[in-house]
């Protein structure tokens, strides 16, 4: 714990993947991507936008950030879209630059699964369902995040594709952020590869915690820790 | 001029065709049906509803009534629907009991035309277009009104069907109200027939002003004139 | 003018339905007062239709064993955890799950509200496994302009929608405070609408609310006054969700026995 | 943070389009400031797309000879009379009219805003002559759930929408006062959006407006400050339509010569 939590490190890392002027969107369980978006707005991307999930709030100002993506405190925002209109715009394929997505399972290609673990009949675990993950092929880029880095979550192949890795109008998944590391995707194989390890984590630890064969380069850089400014912002939001 | 204008007589007559609890809708040039709806609410149908055309206003309170169906003064209302939602609900076929419709041409079967007079190529008169008249088959009943009763307006067959007489979910056109008379439709032939003549108008005058062969019974009753109460209400709205 | 305001008991007793839609998103605006009454009256729901993200309302109805099949894109409790009764019933095969996604629910409700025979979907949705897992809900259709096969889903026309509002008047006009989610669309798509309101107010009060935040009374069958009627979920503009109470629910409802114990506490008159 | 506020001249000069959608309904919220600038710059419009009921904006663009074809369900001046330039051009065959109805425009814009490949329509629309008169805009499609042929129309995706707002901020977020008609839907369906606003305000002011009354700035390309920019049509919440001025327009525009005389008065810098 070098003066920051794993969540803070992850939020800071995620924020760096939003460029100025871009529009991000997220679904449920979105405290982390909301913090990342707010951090981006407070630092390098003041003109970026985000739509806070089911609330339809565009650039919510709430401080601290509520845990629920549908909280009415989010409605203190630049403006608010009725939820059906958010869903409509997700279909256009040229509106949202970054889609933050999670999953019960995330596979080596960046497919995500919120549906079930196991077979269709009597699954071992029935998940909640994928909500808007089927829109991922229309996002500019997909940033996947999970708070659970273990071999049951990071799998060779998802049991069900809620969020497809294949993209129609964008680049598809470009990043996975976990409590241990960040991964990106090999352009030739389409498979996830280790991009950075978080400070204090080794590549071997990551490999052991990952359910698929993870490509690892000889020397893996460390994830850039959050700056003091990042932490100031993130702690105001927490 | 027995103490009331033709418009007042027409509005009073139209108001009688709205039953309590019913929902009416109208398009543009709707001062007359709006007055009729307000009169119905003030008299025999206090629980009736109407949606004032493009404004989306439900039961507008504006007094006097604006001439334009899209006036912002209409928004002082029981509630306001965004226009796309009015259009949506028109498609359901079980929401609107009465649809008030007009036309450049109205034919013997109750088809209405706001599109053109003459052929498609180089029409003699290009009308504005039918807007929502193609929804008439989904209304409970259609009440047609016109301020022009002449053989060019009331024709045997419209040159273009903007508002179809055929109904899918309701009864279709049940009434035509003009400055001279009211007509209803013969259930066997589907053709318009003289129902009442306005006070001071003869059946022969109506026949001469009508471009189709109008069925006329031996004795045609007079249109019931507006009551004193009707006139009080209508004059407050004018 | 007759009033549409009735008791929760009478509102539910008067309903005739096979398909029922329940409003609210996540732990917000779940119409629990009417849902608990449906449980009390043990009303069978052939098909429950949820918003894109359902929570307690759906989980309770499923837990009570009233739901034959559920058309949904998500039932869960967001950061608090999975939906225990839904999970248990789905894993056991006790409820049939008709998988949708938020686009299919939204565009399906839009089609229902608009009298459209079905709903066409954005091309991306073909890439997920959702439509393949629900052959009754999805079909391919040939785009008549391009000749390409695209994905379509059923129009959603619930027999009854149950919606929570902050305010309603006697004529049925309702105001949805805060975010209205897909609740207004659900009301517009449904043949009958039951509104539970925090407060019954005068029509004069009602008319101050902005366009697009209300449901016109002519779409509403019955109004139930239910102050606190979303608890333990939130009622936008009125109260937050009760996280401790929801956590307790999630803990107890982990087993059928625990759920059976929780229910009468939440619904004093139930069972 | 760079501002999206530019001059009317620069906003129009920067646009590249084949299809252009103009907002407003009847004599309300016609985006005349931008329309007059389009006339001044003599920008050709391959296809003009109107709201369900267009008036002055469409009539002026057609009168100026800039419109090859117009997709519309109504161009007129409600109780004031027919649209003189539209009428003259359509009768002479100088403009191609793609007949739609309000359902096709609304559902077509919804499809455009949602990335749907096309729009299915309610069954009633088949009974009118509208779709038969516009073979490019309509096709039959086989409902994959029933096997019945139903009517479909094209998704509407204008290259540019021009919308009037009461307020906009520097980041492009716009507030539509009063009735927003189909203008928000038009903005959501269009690839680029130019907003003309009565007032440019701070983002702080903007955020007070209710959900569903705004267009988020990320959909807006340029903002033009245009006080009085709807005249002689109305600007909801700001001023009524000028009936005398509209009557004068209707009188003068009855002939091409009269329209040519009217234009420079309305647009001092034109021609």
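A, B, C and D label the chains in the order they appear, each numbered from 1.
Here is the rule we use: a contact is a pair of C-beta atoms (placed from the backbone, for glycine too) under 8 Å apart; a residue touches a chain by one contact, two chains touch by 3 or more.
Keep in mind it's a predicted model, so treat the numbers as computed, not measured.
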| field | Co-neighbours of chain D and chain A - touch as defined | value | C
| message | Of the pairs B-C and B-D, which shows more C-beta pairs in contact? | response | B-D
| query | Centre-to-centre on C-alpha atoms, which chain is most distant from chain B? | reply | A
| query | Measuring from the mean C-alpha position of chain B to the mean C-alpha position of chain C, what distance in angstrom results? | reply | 38
| Rounded to the nearest whole Å, what is the centre-to-centre distance of chain B and chain D, using the mean of the C-alpha atoms as each centre? | 28
| task | Starting from the mean Cα coordinates of chain C and chain D, work out the distance between those two points in Å. | result | 36
| Inter-chain centre distance, chain A versus chain B - centres from mean C-alpha coordinates, in Å | 56
| field | Numbers and ranges of chain D residues touching at least 2 other chains | value | 107, 110, 114-116, 121-124, 179-180, 184, 210-212
| Where chain B touches two or more other chains at once, by residue number | 56, 75, 80, 82, 87-88, 90-91, 93, 138
| query | Are the chains arranged, by touching, as a line, ring, star, complete graph, or other? | reply | other
| field | Complete list of chain pairs which touch one another | value | A-C, A-D, B-C, B-D, C-D
| field | Complex contacts: residues of chain D adjacent to chain A | value | 1-2, 110, 113-116, 171, 173, 184, 188, 191, 203, 206-207, 209-212, 214-219
| note | Within the complex, chain D is touched by chain C residues 107, 110-111, 114-124, 139-146, 148, 150, 152, 154, 179-180, 210-213
| request: Within their complex, state which residues of chain D touch chain B. | output: 25-28, 52-53, 72-76, 78-79, 82-83, 86-87, 90-93, 97, 99, 101-103, 106-107, 109-110, 121-125, 127-130, 133, 177-182, 184-185, 212, 234, 236-237, 240-241
| said: Applying the document's contact rule, which stretches of chain B touch chain D when the two form their complex? | reply: 28-29, 31, 54-57, 67-72, 74-75, 80, 82-84, 87-88, 90-91, 93, 114-115, 120-138, 160-164, 166, 168
| query | Taking the complex as given, what residues does chain A use to touch chain D? | reply | 23, 46-47, 49, 56, 58, 61, 75-82, 85, 87-95, 138
